[in-house]
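Chains: A, B, C and D, in written order; residue numbering restarts at 1 for each.
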Amino acid sequence: MKKILNDPYAYVDEMLAGLVAAHPEHYRLHGDSGRVVARATPGRQGKVGIVSGGGSGHLPVFTGYVGKGLLDACAVGDVFASPSVEQMADAIRAADRGAGVLRLYGNYGGDIMNFDMAGDMVEMEDIATTSVILADDVPSAGPAEADKRRGVAGMVYAFKIAGAVAEAAGTDLAAVTAAAQRAADACRSVGCALTPCTVPQAGKPTFEIGETEMEMGMGIHGEPGIRRGELRPADRIAEEMMDILLTDRPVGGTGRVSVMVNSLGATPPEELYILYRVVKARLEGAGAEIVMPLVGRYATSMEMAGVSITLCHLDADLEGWLEAPAECAFWKV
Amino acid sequence: MKKILNDPYAYVDEMLAGLVAAHPEHYRLHGDSGRVVARATPGRQGKVGIVSGGGSGHLPVFTGYVGKGLLDACAVGDVFASPSVEQMADAIRAADRGAGVLRLYGNYGGDIMNFDMAGDMVEMEDIATTSVILADDVPSAGPAEADKRRGVAGMVYAFKIAGAVAEAAGTDLAAVTAAAQRAADACRSVGCALTPCTVPQAGKPTFEIGETEMEMGMGIHGEPGIRRGELRPADRIAEEMMDILLTDRPVGGTGRVSVMVNSLGATPPEELYILYRVVKARLEGAGAEIVMPLVGRYATSMEMAGVSITLCHLDADLEGWLEAPAECAFWKV
Amino acid sequence: MAGEVDPAGFDRAVLAMGLARIARHMEVVADELNALDGQLGDGDLGVTMVRGSRAVAPALDDLPPDLGKALMTVAQGFTKSSGSSFGTLVATGLLAAAKELKGRERADWSEVSGLLRAAFKMMRTRGKAELGDKTVLDTLDAAATATVGCDSGPAVLDAARRAVEDTMDRMRDAPAKIGRARIFGEKSVGLDDPGMLAFRRILDGLAEG
Amino acid sequence: MAGEVDPAGFDRAVLAMGLARIARHMEVVADELNALDGQLGDGDLGVTMVRGSRAVAPALDDLPPDLGKALMTVAQGFTKSSGSSFGTLVATGLLAAAKELKGRERADWSEVSGLLRAAFKMMRTRGKAELGDKTVLDTLDAAATATVGCDSGPAVLDAARRAVEDTMDRMRDAPAKIGRARIFGEKSVGLDDPGMLAFRRILDGLAEG
């Protein structure tokens, strides 16, 4: 795993320096820690703020999604490590426009503890906060323990949907929180890893895997999956992933579904499109109508090879919010 | 190099099937060969057409850049192989809106021969064609033989600029061709590879390189570069690349320059941003003002790890065209 | 240390001395903690403890006399320096103790058990773990119980160390149920919980001259 | 083959027979061509020739009597089936010959030299290579020259084969100056140019019964 970097301990700070230098129209650093990214142009006064945060190494997640119609601010941890409580509190402060702040992030113990404690801190400064926690990674826990599932690419849908609601005039913290929760509940994801990635400070791959193996259900930090075996043909991989997703939550309701076919990093878009044929056929075969398919790199693990598929089961509200305008350096709707 | 695919011989056709299925609002297949992608909504009658083409495996290049303000159609070859003459002729036909067609592509012998011959074929059908050939890869030939240089990521600037001119009312084939030539002349690129990629049909990596080595100046198909050596720190890599670019063409004229820091595939955006710090500092140190920096995956070689940097030296016209609206599935301006 | 020795209690000077000892010892045991955490998690626990103690160090020479405020200062060192779970839990525990001691410049050693209990409760709320999940909480609970009625520094320390040791022995073969270690499931059986070991090493640090 | 044998010239039947022989032989030499191209390029030259001949095959049984149109048909097989340089060059050469023979149902063997020359010129224009660049053009030029005045099929074929062989021997140690092989620079020294070998194998195919 070769990486282009300087001092591994400066990886995140240098990355952020480059990010804000390249996109000053989108991002600015806020506060003293150097680890809080906020919108270059803050949302209007009275807008509900949305903040996220988590470990680095997942661009565009999390920081990349700061932007109009998306997040207001983000706390940035070291690679695959939670930001500190202080940084999260600072991010909440940056996101606050006087109407309270939604904390919207993934289901990881450290992030939860820190965001909770950060919330306690800003409470003393009279900033009201709520939380919605993404737990969309189906293979990471069974349906009975669905609240233990990890948060992965479904986050992107939640950012987009909550962001649209927060942007609309007259929506309060409760409304934004409720919409975010509906988005979080609507998402199901599954990942499949082909190679590990390397955390710069660790200097060695996150896990080992054979030259011709794949691991179904693996997490974005290399958390063990549900099946390791020989690399299968693309169509069979797609079938297995769709089986997992549609078993956990069949197409229902309006039948309208958005789907994300996401590269974990190194896997090129060519391969995503090969998979998409089957994903589309399976969804349509299950009676679904596909809305705004997303094929590309939306939530990654640096140079990990592999893919994830996320379904976002829509209703009319969610669909409208998903399609509302939004803009950051990585995604324009 | 693990790949998610089915039959390697079906790689390109399945990729295209997925591409048009995912983005029917942007792309459609044209003609019988299954290898010509055209805009879903053709440009207005009387618009100058712009066509490109070349081997697959470089998404978004070439096909991805079909879209409003960009290309009208594209002929798609096998991975790293030229499309056939027939396919190119079909692409020209698809791009023709009655005002002639500019062929805009990279400096590779096979592509040139085939596009020339395709031009001869459509000439009999009264479609006027012109050609502009990108030759922006500085290390691939010295300044005295600059016309032998390969075409790489500079293509994206040429697509964008020519596309903007063609979209404007009242521009004819000569004007679009001249603008494209100015864009092509304005671009300089250099690449640096860390790992090879695998052509599906070949089944083995395009070249071999040591675990801790990099190759400066390597081409996007693995063409030999100018220096192989130990992987250097990011800042030194960026310095070396900027040296190469600025020696070949110093900042001059208006001093306004757009820069693209491009991943060859597997290299994640985190690393591009680390490089961008130095790229920006070097440009500003040379008196340049940076316009619309592009940091991301704009021209790739599947899962190759490495980066390229492209400078596009602007004048007022070029800058205006670069910033004009454009839209495809991979890029919105 | 100009004042007389007060065998029954402690003030900010004693607190500062204890923290300095812990800080020194963390440098010694950092690799051990990283290694154990590396087997079940991300291998940063030693780093977390070292960074936290180093962040606190500059403040030790003039801690506020108010023990509550002093402990608050120490807690902040941990919330700023790292985002790791254990750092946040340490900060949470310190804040709980700080609340108990707010406005007081001196406390009895016999109060330590109650402080440990307060820390335990707030950390349990923060981390949503239960007793038996094989986390630092199990050792903290045992220490709080074992130190009830201990009315000298050495007695407190002795009882706490023994309780932590026993708990670790007792729980070694249980599976971890929370945090990163949980995902390794069976792999955690037979291995100490890194957070428990960190707590033990904190007590070891206090015991070292 | 119902008509009498015409030793001085050829028509579409002779053309079809020759093309069928070439097609058969390409299947035999495909691996050899792929392997040589693989050392200096992308290793697809055998594939190009096989695909091209297979694409032409269905048309051979009823080629148009007009030799110009017949050659056009053959050329199209190559423009459709592959995008490789050699396929396009073959098609270009065939088109050049087709232009020369347009409207004629028969040609003299003595005209072949002129047809080769026409092909050479158009291929040179198309590929922008020069004599000496170590491409198929060098062998084509030599064959065109060597066949001047040859007025029977065997004489033409013999002269062409000898010329191609000699040219390959002569140029083997020169560096390639065009196409993919160019980027391998010195590596091409000592190796035959793949396109030259392909031309030689085409002639071999014609010579095989």
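Criterion: a contact is a pair of C-beta atoms (placed from the backbone, for glycine too) under 8 Å apart; a residue touches a chain by one contact, two chains touch by 3 or more.
None of these values were measured; they are calculated from a predicted model.
Asks: Roughly how many whole angstrom separate the Cα centroids of chain A and chain D?
Replies: Inter-chain centre distance comes to 58 Å.
Asks: Taking each chain's centre as the mean of its CA atoms, how far is chain B from chain D in angstrom?
Replies: Going by mean C-alpha positions, chain B sits 34 Å from chain D.
Asks: What whole-Å value do you get for the distance between chain A and chain B if each is reduced to the mean of its CA atoms?
Replies: 30
Asks: Enumerate the residues of chain A that touch no fewer than two other chains.
Replies: Residues of chain A never touch two or more of the other chains.
Asks: Considering only which chains touch which, label the overall pattern as line, ring, star, complete or other.
Replies: Topology of the interface graph: linear, an open chain of contacts.
Asks: Can you name every pair of chains that touch?
Replies: A-B, A-C, B-D
Asks: Quick check on the complex: what are the chain B residues that touch chain A?
Replies: These residues of chain B touch chain A: 2-6, 11, 14-19, 21-23, 56-57, 59-60, 64, 194-195, 211-212, 214, 231, 233-235, 237, 261, 265-277, 280, 293, 295-297, 300, 302-303, 305, 307, 329-330, 332.
Asks: Mind pulling up the chain B residues that touch chain D in the complex?
Replies: Touching chain D: residues 33, 77-78, 80-87, 109-110, 112-114, 116-117, 202, 219, 223-224 of chain B.
Asks: In the complex of these two chains, what residues of chain D are touching chain B?
Replies: Of all residues in chain D, those touching chain B are 42-44, 76, 79-85, 87-89, 91-92, 126-128, 178-180, 183-184.
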